[in-house]
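What follows is a group of structures, each given as structure tokens.
Two complexes are shown next, each including chain A; its partner changes from chain B in the first to chain C in the second.
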Partner chain A sequence: MTKFTAWIKTIIFYEILVGMKATLSHLLHYKPITLQYPHEKRTLPDSYRGMLALLRYDDGTEKCVGCDLCEAACPSRVIKVFSAEVPGEPTKRYAKEYYMDMTRCLFCGLCVDACPVDALGMTREFEWAVYDKRQLRLNKEQLLAIGDRSYPVREKRLEFQHPNVAFFNVAFKGLPEKES
Partner chain B sequence: MHPLLDTLKTKFPEAVLAVQEDKQRGDLSVRVAAPRLLEVARFLHDDPVAAFDHITDICSADYPDDQERFEVIYHFLSLPHGIRIRVKARVTEEHPVVPSITSVWKGADFMEREVYDLMGIKFSGHPDLRRILMPEDYDEGHPLRKDFPAEGRGWRSRFDFLPRLDEAPVAETGRDIPEAEKRVFRTEPQPSSSSRRTEELLLNMGPQHPATHGVLRVVLELDGERITKATADLGYLHRGVEKLAEGLAYMQIIPHTDRLDYVCSMTNNYAYVRTVEKLLGLTIPERAEYIRTIVAEMQRIIGHLFWLGTQALDIGAMTVFFWTFREREVLLDLFEKLCGARLTLNYFRIGGVDSDFTPDLVERLRAFLKDFPAHIEEYETLLQTNRIWVARTKDVAVISAEDAINFGLTGPVLRASGVAYDVRKLEPYGAYGKVDWEVPIGKNGDTYDRYWVRMEELRQSSRIIAQCLDQLPEGPIVADAPKIIPPPKAHVMRDMESLIHHFIIFTQGFKPPKGETYCATEAPKGELGFFIISDGSPRPYRMKIRAPSFVHMGAFDHMARGYLISDIVTIFGTYDIVMGECDR
Partner chain C sequence: MPNVAVETVKLTIDGQSLTVPKGTLVIEAARQVGVMVPHFCYHPKLKPDANCRMCLVEIEKIPKLQTACSTPVAEGMVVRTATTVVNEAHKSVLEFILANHPLDCPVCDQGGRCDLQDFSHEYTPTTSRFIEVKRVFQKEYFSPLIEKQMNRCVQCLRCVRYCDEVMDVKALAPVNRGTMTEIKHFGTHELDCEFCGGCIQICPVGAITSRLSMYEFRPWMLKRADTVCTYCGDGCQITLQTKDNQLIEVNSSLGAGRNNGDLCARGYFGYHATTHPDRLTTPLVRRDGRLVPATWDEALEYVAETFAQLKLKHGAQVFAGVITARCTNEDLYLFQKFMRLAVGTNKLDSSARYGQVNAVRALCRIQGTHRWPVTFEDIAAAEALLLVGTNITEANPITGLRVKEAVKKHGATLLTVESLQPTVGTISNIANLAAHHFTAHPDQYKPVVLGLIKAVIEEGLADQPLSQKAPAYLQAIRDAVHALSWPTIEAATGSSAASFKEAARAFARTARAVIIVGAGVLREPGASGLAATLQDLLLLTGHHGRPGCGLAPLAEQNNDQGAVEMGTVTECLPGPCDLDDQEARARVSALWQEDLPQGPGLTIPEILEEARGKTLKALYLVGEDPVGSLPESARAKEALEGVEFLVCQELFLTETAQMAHVVLPACSYAEKDGTFTNTEGHVQQVRHAIEPVGESRPDWEIFSDLAGLMGYPLEYGDAKDLLKEIRALVPGYNLPGPTPKPSRPDHTAVDRYLQQGYAEDLGERYRYTPPVKAAGRLTLLVDQSLFHSGKFSTKAKGLLHLQAEGAVSLNPADAARLGIVEGDRVLLSNELGHCRTTAKVWDRIPAGLCRFPEHFDQEARRLLSVSIDVATGVPYYRSAQVKVEKAQ
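What follows is the complex of A and B.
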């Protein structure tokens, strides 16, 4: 009997029929999970590790104090910082020039972890395809511009008690909210 | 002292130079005289007291200041006794020759070739000692030697094979390949007495072939449609991660390990981080262990789904591919929520994990696990009894248990042959010892059994995750070790001491104690091991990655011989190779 059933199953292509049933049932409960990408876009979570940006305080001053920690933490030598003293305020430093070679970036987020003043953030931007890869070497103005458009809510700059603790500013818990 | 070390010492008073037991890390190591390595190796393999039947890895290290400059380090595992041993032999720069152990463990073939390629140590008696990862005509030396600069020799622009923009393209003309160049791919010529003319056909497959799962080239020698020899040509994706790691602080290597097996990158993180923690002797908080186990099993589900989809696609079943990727997408979205990336996650930290599970994430994961068994059954209705699938996988690429162990295979490939070796059971780590799960084992060691083992592992993984979610304790997710782990961000900006630690850890890195350790982790592909030699500096002196895909490729020729040419893509697929890990 079992032999007979097996034989019947063989000639009627039973297992193919079962498989086709599963496939066709999906046709009935048709629910696409793909998105028509350039026209529809996914909502990315806040913690998305996209393009890097430099941030500012609410009064428009740059947060970066030019401490070079991001440069030291980077595993692929993306970042180059040239720091200098703030003119007129000899105890304070800032990044005079700041370069990021985004062609080499791994988007690991170690620089953001390393930054002691939360001056770096990762945005939700990812559409950065260019024709000339020299355009991916970003300078400070470009990185600040990315930060300006991605982080509209800025951290408040506090009144300092002493110029020496200028860069021990009390930070947000995590990073400010992003534009959704 | 361990009784085995005593036995070795009394048995080989001249050959065994020193024995050492690292009680803290549980490592046994033996130093032997290089010329007499083979007899010690044969004893370790054959004697029932030792029974080191499984070859784990061969590694090399370079100490330029020592008189005997190079060290070859062998890792063996005894499956009956469940212990590992490290055998070391030193050779000089003038005479860098070690006897080959390919006659004892067949899997040593590829590993010895790798050591020869990257460190320049010759193995006497090796059947085919050629370069394996670097190009065969590479004449700039051996890259893992300490005197070889990490940047390479010379500028990239000086390579003459790169096309230049200011010159007209040179017309490529077809040329005949000389017989001498073909010889390495051919089997030994059989003298034919009959007058019938037979000719073997050399067929080149890859590196640009969609079914080779990356950039892998295979030269097939064919007799009609039967494969008589299959020579894998690796190294098209060699990035030199091991050399790169020698110049990076321990923390900076984690994102680089993401790129090894990019299908399931977290397991690489896990394997690396565990090795460093073993080196440091660091204990991890309970919650972090559970989270690590959960994400590692999620990655295993992703890895096996990816494998199932591509393997079925290779054989011709398109639907399975779409369905597995649908489920994979759900998990990738969870990872995106958890750590902000989908593939290269960089989630593990030395001493813990990067971010915590939120209740929302746990809910979504539970919802996924609720539907998942039904999805597995869905794949099975398409494949399990399908006559095309059965015909293409049953009795294809059969490997016996003895051969599989001898080649050093691990993971589902080994378990399908009926060997219940799983690192998660043998040396339980994470939360694997606290949850209830089984190791699925196959019978025949063919492609169908490997498929079945992986399908069962999908079920076991979802079982493990469900139990871990139930047991998930509260608590910190990073260990409390201010000298090793950067302090929390909020403290850095308020507390002077934290700020100092933060600066020191990110600029200099931490300094683990002098020593060396091997630590194995069960990745979806097999046993992924890291071997780190630390000289007390903030950078590893030598880091060796025991990549399962690389070891599995060593058995490729053995498993492919005698099968039809149409089976070759099945045989690639059944290992679940990822070239990023294979070539490193």
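What follows is the complex of A and C.
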């Protein structure tokens, strides 16, 4: 490279022009990229990881068996499960209470992966801005409601004696309850 | 324990060579070099059964794989545990197990600490060749405490073997064959057994789990604290497991503590008592006749001020204090120091008064030391065991397990003298294992023991050296038993002379013999005398003073022994030393840098007496509830009403506490640190598992604060600080090791007894006058049951499931004669009153006796009169004569 070309490049700020190329070309063929949210909305990708939800089976029963595995999997301690026996159905386990503190969630999806019965799902909801942080601490009913509106098509509940499946929801009705 | 030269064997496991004693199993040898052989059915406590085939290993020169759990080591053996062939074997064994195993892990309480999970992770491929439908067992019932999920069973039979080999309950058995083998008990109703929880703990998978904590936790959430159970004197080490400051479950670890991992129902299922919603959470002060909540400052200042005023007005001798022997050593020690220094009186006592004082007195008198001369290991290794007056399985279950071990594993000869008959039932009965059993009513223990001594003398079983060393003593006993004729003894005991002679021969001709006595001896009139007579028996047969032999009196409360050693009983200073032992007084006051108060001590009955006489102005009760626990004839209520200022330090608002002027909430054992001394004299660490409930505080902290407010600062940083001070005064409180060193009898004391000490009451001890019994009456015995102990067990929901109310148990013949059948309402009555209860017909009860569980005896207690031991001041109120009839 000659000294001259180098000199020319210096005085016309050649490197900067190279860097600004994309910007400058948009300046010429102007077409806005910014979406006018909330009037305009983006199409979300298929694998979008939005608000978490608890799901139900087709017969309306909760899928969650209260196993605490999501709680164990969660890296930021979002989830708190209180499990117990289903009232009236001895030795059947369910989540008596279930809380998620969404202020801490990373939306990593590890809890969804951990769940052995696919009771958790990630929805496409993301419009969860609130004035009071406490509103982001969700209980079981709220999480089920999110699931209900996001997953209208529900999974069929497996039959009890299906070969080689879990016996989780084996229940024997009409027998004494565990006293508390 | 005897020292036998051990033969050793050299072998190689996975390339590491090691030397182990002959007879060691390969699996155990492997563990020693850190090689874990996977196993289900093997358990160090149980005899090898080799039924699961999980532990297969390759041994050179043996063509097929061998089960490591049943193959003993041999010289030069070369074992490989991780070859391809072995791994293939592991895989196929697991594939078979998993063919039927449900995928329950997420809801299974064992998930996270399950052997099957762990081995599956380690050894199996993730697919299975089985496509068949899995087996499903129909459920017949759900148990409130022990839940069986047979679909998860791997059929290792550990539970069955534990229940038989260790517990001797035999409640479980495998039913059906092959993969359909199911663990059942006998009957389609709920499990009915000792509820030791052993099968839950020993099950390698989640097939047997505790319903009490079901689904409340996942194993990884639990925080653990190793501490000591407070339900009896055995002092079992338990692990309290907590989650978010909640007690979730109790475990024990194999090989840990004096219980070696075994527990009883109280230890395993009784943990809810400490967190019962009725726990006191704030101090209460009486204002306008009502107890109202107050702050700690208010309450303590009020107590300190009132104490100071009363002391100014009446002097220190109007104060008295009683503490429960369920407190830690640190609490007990500081209590007596507080009473002696801050208050300035020796009038203090503890609940060790109710029995342990008799035991310690008998030990001190003849062997010169106050602790057991034997350990639990010695009991297990004994050749002959004599149990007198202890239904050991119900009172001290873990000592009972050592007795069972001695008989079942090592073939010891067992002699029992007990008010139960040897019959099979849902809970084990030590008398069933006895080679010689004497059924005795509480007042018949003495003639039985005298019969045994007479037999020893007449059969010429008396020790030769003794006749040279103490001819006069021997002659005195000879004369005394001579004066008792066999017909008298036979009439008094209902057993034949021949049976006494046989039993005496079996006992005397052994190298190692231990005599265990329980509440039947220690809490009945004539206790310390009978305990001394039993030591005569040991002296006569030459067992006294020999290693591994001696008298072992069972403590009822978890820290009975500690209470005596801390000097928290009337007659003792810390050490324990006699209250009027000048040398000991000097030593204690030098350490405390303060003079000890003069003046006499008072025992619990004497304190109540003084209170009734209104000479007592202030009473400090720590964890003691005389109104709620003594019979009405002790007139405790009347006594306490006469006390001007009553302070109770309690966990619950007991009947006594309701009468108090100030109630201070104390911590339970699960919330504090310290030490307990168990029945064999082993000091063990107590560690807190949860934060104090409400505003409750450890007892010693309360004493310390009160002392400060009263101007006698007794300040300690923590419980460890206190233990340091205790060590300076009481021997045997240095860092507790895994096993206690039994105390060796002091020869000067033994000689003193043999030369002259015996003469003081020998005549009295060997005289037998048949008791006068009114015709048509039964002896009512108020006795401890397996499922309850202490004042709090009735607050534990697990134990209430097992026993929630009292019923009087009758002998079938008596019941038939009275026209009573099981479940009938009956009326018990005598001069003192009457009570109505339900009848239970039980073949374990001997004729002429009826038994009532101590913990539900509020009504029945009315029938008991209190007699007080002149020598030891122990109040006795365990038995009475009653008329039993069918209630209309």
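Keep this in mind: the second predicted complex is superposed on the first by the 129 of 180 C-alpha atoms of A that agree within 3 Å, B and C clash if a C-alpha of one lies under 4 Å from a C-alpha of the other, contacts with A are read in each partner's own complex, and residues count from 1 in each chain.
Here is the rule we use: contacts are C-beta pairs under 8 Å (C-beta built on N, C-alpha and C of every residue); 3 or more make two chains touch, one makes a residue touch a chain.
Computed from a predicted model, the values in this text were never measured in an experiment.
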In the superposition, chain B vs chain C on chain A residues touched: B
Touched partner set for A:F107, first chain B, second chain C, both or neither: first
Contacts of A:V18 with chain B and chain C, given as first, second, both or neither: first
Partner chain in contact with A:A73 - chain B first, chain C second, else both or neither: first
First (chain B), second (chain C), both or neither touched by A:V130: neither
First, second, both or neither for A:L35, with chain B first and chain C second: neither
Contacts of A:A84 with chain B and chain C, given as first, second, both or neither: second
Which of chain B and chain C A:R49 touches, first, second, both or neither: first
Which of chain B and chain C A:P116 touches, first, second, both or neither: both
Partner chain in contact with A:V65 - chain B first, chain C second, else both or neither: second
Those residues of chain A which chain B touches in one complex and chain C touches in the other: 67, 69, 72, 116-117, 168
Residues of chain C touching chain A in the complex: 102-107, 111, 128, 130-134, 136, 139, 141-142, 144, 147, 149, 151, 211, 214-216, 218, 220-221, 797, 801
Residue ranges of chain B touching chain A (in the complex, touch as defined): 248, 251-256, 258, 319, 326, 329, 336-341, 344, 346, 355, 378, 381-382, 385-387, 486, 489-490, 492-494, 499, 502-503, 506-507
In the complex, chain A residues that touch chain C: 65-69, 72, 83-85, 90-91, 93, 116-117, 161, 163-168, 172, 175-176, 178-179
Complex contact set, residues of chain A against chain B: 10, 15-16, 18-19, 21-23, 33, 44-45, 47-49, 67, 69, 72-75, 106-110, 113-114, 116-118, 122, 168-171, 173-174
